[in-house]
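Remarks on the structure that follows.
Letters A, B, C and D mark the chains as written, and numbering starts fresh at 1 in each.
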Amino acid sequence: MKKIVLAYSGGLDTSAIIPWLKENYDCEVYALVADVGQDKNELVDVKQKAFNSGAKDCVVVDLKEDFVKNYIYPTILSGALYEGTYLLGTSMARPVIAKALVDYAISINADAIAHGATGKGNDQVRFEYTINALAPKLEVIAPWRIWNMKSREDLLDFLALKNIKTTASKEKIYSKDANAWHISTEGGVLEDTTTFNNEDCFCLSVNPKIAPNEAELVKLSIEKGVVTKVNDISLSPYEALNKLNEIGAKHGVGRIDIVENRLVGMKSRGCYETPGGTIINTALRALEQIVLDRDSLKLRAMLGLEMSYLVYDGKWFCPTRAAISAAINEFSKDLNGEIIIELYKGNCNAMSKSSPNSLFDKDFATFSEDEVYNQFDAAGFIRLFSLSAKIRALKKS
Amino acid sequence: MKKIVLAYSGGLDTSAIIPWLKENYDCEVYALVADVGQDKNELVDVKQKAFNSGAKDCVVVDLKEDFVKNYIYPTILSGALYEGTYLLGTSMARPVIAKALVDYAISINADAIAHGATGKGNDQVRFEYTINALAPKLEVIAPWRIWNMKSREDLLDFLALKNIKTTASKEKIYSKDANAWHISTEGGVLEDTTTFNNEDCFCLSVNPKIAPNEAELVKLSIEKGVVTKVNDISLSPYEALNKLNEIGAKHGVGRIDIVENRLVGMKSRGCYETPGGTIINTALRALEQIVLDRDSLKLRAMLGLEMSYLVYDGKWFCPTRAAISAAINEFSKDLNGEIIIELYKGNCNAMSKSSPNSLFDKDFATFSEDEVYNQFDAAGFIRLFSLSAKIRALKKS
Amino acid sequence: MKKIVLAYSGGLDTSAIIPWLKENYDCEVYALVADVGQDKNELVDVKQKAFNSGAKDCVVVDLKEDFVKNYIYPTILSGALYEGTYLLGTSMARPVIAKALVDYAISINADAIAHGATGKGNDQVRFEYTINALAPKLEVIAPWRIWNMKSREDLLDFLALKNIKTTASKEKIYSKDANAWHISTEGGVLEDTTTFNNEDCFCLSVNPKIAPNEAELVKLSIEKGVVTKVNDISLSPYEALNKLNEIGAKHGVGRIDIVENRLVGMKSRGCYETPGGTIINTALRALEQIVLDRDSLKLRAMLGLEMSYLVYDGKWFCPTRAAISAAINEFSKDLNGEIIIELYKGNCNAMSKSSPNSLFDKDFATFSEDEVYNQFDAAGFIRLFSLSAKIRALKKS
Amino acid sequence: MKKIVLAYSGGLDTSAIIPWLKENYDCEVYALVADVGQDKNELVDVKQKAFNSGAKDCVVVDLKEDFVKNYIYPTILSGALYEGTYLLGTSMARPVIAKALVDYAISINADAIAHGATGKGNDQVRFEYTINALAPKLEVIAPWRIWNMKSREDLLDFLALKNIKTTASKEKIYSKDANAWHISTEGGVLEDTTTFNNEDCFCLSVNPKIAPNEAELVKLSIEKGVVTKVNDISLSPYEALNKLNEIGAKHGVGRIDIVENRLVGMKSRGCYETPGGTIINTALRALEQIVLDRDSLKLRAMLGLEMSYLVYDGKWFCPTRAAISAAINEFSKDLNGEIIIELYKGNCNAMSKSSPNSLFDKDFATFSEDEVYNQFDAAGFIRLFSLSAKIRALKKS
């Protein structure tokens, strides 16, 4: 008799996985529900649902602050944007959930971890990479790659056969994933790249076209790269994100509709809503503008590019990710200050930037004379800066 | 008696440089006005102005198509965005102008080239690098680094002394630079990073808040990375940019307000308006999403990062820039297709993406079975993908 | 009845694959022997061997010049060195062989391609990636991942059962791979990283300790990055490599013993001998030193790093590789000149470097005054070069 | 009356600078001699020499352990090799010396720091960058960019005029720089890239051709990337380097003759001897081979490339360098183990590699079955790894 830990959501897929595991593995199923800030309705009665499906036990783990502080901030501070646009909302949630699964599995001496990710997506890789990296001897079970069920209808039939009640519907147009940082939507009309997205491809934020006609200002106070106050009210990392989600969503901020390259080789299209995250990202980039020098910004950009792939691919628990985070920490030490953001019908712009570490100085940049910069120095600078180009030209002539 | 070619704009600075050069270098001054798509009013009577200031001759060179086709597109196709945001409008114009100066100087057998860029900015470097790279034996004269005049008032006094009439005003709050791609604004309220920009920091586009309440769709047809049609009307590269500037400006698209690191070491703040450029950039990035594979997008991003520094620093005529352009050309070959962009109060989003080279295929990405992708393959993929993490974990345990 | 093309070497593995394919796929087997410059003895009677094993036909394709010119040079010119040391000898040979297999398969209208690479190595990936990229509808068969045979003994038993004679021995300590560029050796004593390599880990070059006591000079003439003459004798790319192999091997040049990360996730140890390649690589890097400017060398290094992974992973036929090659071509245009190399007991050093494109000029680099460089310029250069560091320090104080 | 701190070596240049400063700046000169491991003879009577030249005071600061531990190791652990070959011996010494100058200047409340670096070299930049970064208000004086003296003869004449005795010779063919890590040689025959180097271009190590005919093995024990034992004898970082210099020099290890791009735009040629450093570098790279995974080695290579420019350019005290060092530290944590190096007539090869953190495992890499790697997994891996290439090909066909 085995013990299997299941990443349980209360949805149709994982509700069907419980009896399927019991049928196929002669096991007890221990459901773990990760609270990473998804819709609270999903957590209502979730334990009861797990028991109804036949779980031996079910725990709900609050990962919200851990997620925001230890996964989202290290990522966003690196400037990671997958393929230039995606704020990595789903990707970042996988390692924190998988680590909770591993911790739980070890605590109850389980034999395996099961998850409900499909065989064509990135999440299976992210979950399993983390499990392999943290608990290499635990078995991994991915039912969607094993069973013969192909559709929601198949799952409903299977649950009916097992006499397990469910409120799940036969039809579900979109596949969605939600957490404190974002909501993603795939499927439906999005499966044709020439088709415009529908309003029902978005569910967290308003359409910019019906957002308020009045702009709103929001002030973010930042310490070592982390938002500590919103409009002068001290908040924890998760609370601040939550507050900014609310404000951003009201103004239609943070919607994107992109085609991305999945790790497993094909392209897919998704709509992502990241209202608070977009505000935080805008603020951090604005603060960097006044604090980081040219070399620092370039290295940060290079590291952010690398980080975007590591995070997207689920390689959180690896030395390369740790190395990048250590480097980014160096830069973040100076990211202290206040940024005022204006939100207006989908626009999100930094209007005011201040920092005790600002390298901006009006006197240096303008015409007026100063003691630091002597315009005559520029002549020498330019001659040496262009010397190799001049030598090449001289040699050719 | 020397011959000096001057980069002439018709403005106060270069109007004063003509008599100053004649006074200090025993020379004839040949004015070259580069038409890179700046406000047409600046070109009205510009030749007469040059002669009034004492120029021996004045030529106006139409560089618009050359600029857009051979400087803007190679840059924008690389994805170059200086420090993550700046579309390099001023930077890209310098080498095309400097090359025209060199060509003219060689054609008239001139001894030197003079320009009106200041000693604290980037433009002096860009101009002089290009001259050094193309005509290493030509002397360069940068009056702002030499003379003792410090203000517009000094220049006006000098012109009065020389009996040269000018309509230039004593006060000019902002320093602006315009061409077919963008307008930049520096100075004034922007010299304090905590001060909000004013409406007069922008002059090309409307404020999103007063832009039309109705969204507008615009269709871009793209061949090998170049916009060839706007709303199905065939246009040259410059014409298409011009058309998109008009449409984008109407909807308040392409305004940014940033602090950047100048090449010469200090930070400065600028507002940039790039309406048409922002639309083109959005369209090219959208087309890339469906056409370029994962490795290609990553290399393109790396090269774009490098390109942004080369272009910002004025190193256009160097082997590294040529090498990057050659690489980017390989990717651009496949950038054929149509992108529909929606413009609405500052928002600029790609709504529809199609290409004969699209790698997106609904069948591969969705649940449904297909012949190309077998979900069972994912198990093997994941095990090898995470093998080194697993081995490390096993070795530690 | 299917037609299967087999990458045939005449060795035990592929000799067994022919009857195994026929038994399992109801097919005719068409053997293709790729001559990429391996030991000529391997090609003796190879057709007869194939027929003895039951091949329907066997072709020997001379790929030597194609391999050196179109695969080796683009790689080596990029500076690609896998994990800093490996000159990619085996990796580069796979796409040229796989392309020949595809061409042959298409010409005879075959249904599948089979190869003898094992399931733990890189070569299976390289072969199959190329086939997928060039002929996506061709089936791929990798017997080592399918059959139950595990050892040379199993293969010999199988051949005996089929009444196919072979001269292959039961024991083979090392696994070797040879072509015009290198020979690799794996297995045996190399399977313990603390054990010193044996002399029988090397077979192409002499041990430096018994190499001649007299150093030898060799002069390489290079045009656009390609060696066109050795000691003033004009040679084709393959001929020049062959000549340099002979000279380098005599002096024990180009031996390495490394542990590398395989693409499929585990580490393996190999001894590689690349005598001529090491000489060419040394010469090209030496020529770069006098021809390429600082920015060019840095970009070349970055691209070489990326290229090393693409080539190692077998991704030759992809847009990213094409883009890098296009960039490298730009740099190679200037790689003209003569390099004199000294070989001595494993040492390989460039002693003399000359090029019509050399940017080295004694006058610029030394104390003596010159017209190009004014020492006073350095003061201005340094002040601007360190300005942001100074501003940061001033702001902190 | 000002106080000026001078970076004093006891050589002709800085001996002349003392009286020149006093003559031109109405100042007291405080000489600081940095002991970074150069030839001990240079330190004999150096204080007396300084006083003879007119110094108010002279201090000799022992920076050897600081230099090796805090500057050399962070650089070498990053894998930094300027332009692929140069182990940065002179570059790394500049910030540690400049920091000592700053510390001394602050402690005696000095007004300025002077150095004897010339106006065409890199060292002026490295010294002055560090001073600007650490003490932005201190003035910097670079006599070689100011005075009119051009040759050793001029300096000797000047000293004679001031009645200061010197043993310096009128002729000095080569310009040399020595410290614990290396000796560099420039000038003389090296000023023509087609001329072979002479034996007098090297002074620390023997020519490989006269090195012992017997190879020597040396065992390095490494903890967190630092050599802690040589042949089982515990040594401090400097002591270990010193011991390895002795052994390496005996076998002619670590000589290079390269042309490099100076930061200030021209190319120069130098011979560098880094015997112990070459052994350490070989050992660290060998240890990395068994300890670091594929992603880690690639990021380390990228960071090493960036680091090489930062160190070469003298930007030690900047956030980017600190960030890279933080990242490298993460990797170095696992660099524990023993490496046995064989030295023979200029060759330096790692023969044995062991580490408690080794990821190498014979069982994973070889044919034999194991529980971790299933060859069938490779089929799935390859299909997904090459999926986008296959899709592209399918779309084209």
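One rule holds for everything that comes next: a contact is a pair of C-beta atoms (placed from the backbone, for glycine too) under 8 Å apart; a residue touches a chain by one contact, two chains touch by 3 or more.
Since this is a predicted model, take the numbers as computed values, not measurements.
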Pair joined by the larger number of C-beta contacts - A-C, B-C: B-C
Chain B and chain C: spacing of chain centres that average the CA atoms, whole Å: 42
Chain C and chain D, separation of their C-alpha mean positions in angstrom: 32
Junction residues of chain C - those touching two or more other chains: 261, 264-266, 293-294, 298, 302, 315, 318, 358-359, 361, 364, 373, 376, 378-379, 381, 384-392, 394
Graph class of chain-chain contacts, one of line, ring, star, complete, other: complete
Interface residues, chain C side, partner chain B - complex: 261, 264-266, 292-293, 295-296, 298-299, 302-303, 306, 310, 315, 318-320, 322-324, 326-331, 334, 384-388, 391
Chain A to chain B touching residues, read off their complex: 79, 83-85, 118-120, 124-125, 128-129, 132-137, 142, 144-145, 150-151, 187, 191-197, 208-209, 215, 256-269, 285, 289-290, 293-294, 297-298, 301-302, 305, 309, 313, 315, 317-318, 344-347, 349-354, 358-362, 364-367, 369, 373, 375-376, 378-379, 381-383, 385-387, 389-394, 397
Footprint of chain C on chain A - complex, ascending: 293-294, 357-359, 361, 364, 372-374, 376-381, 383-385, 387-392, 394-395
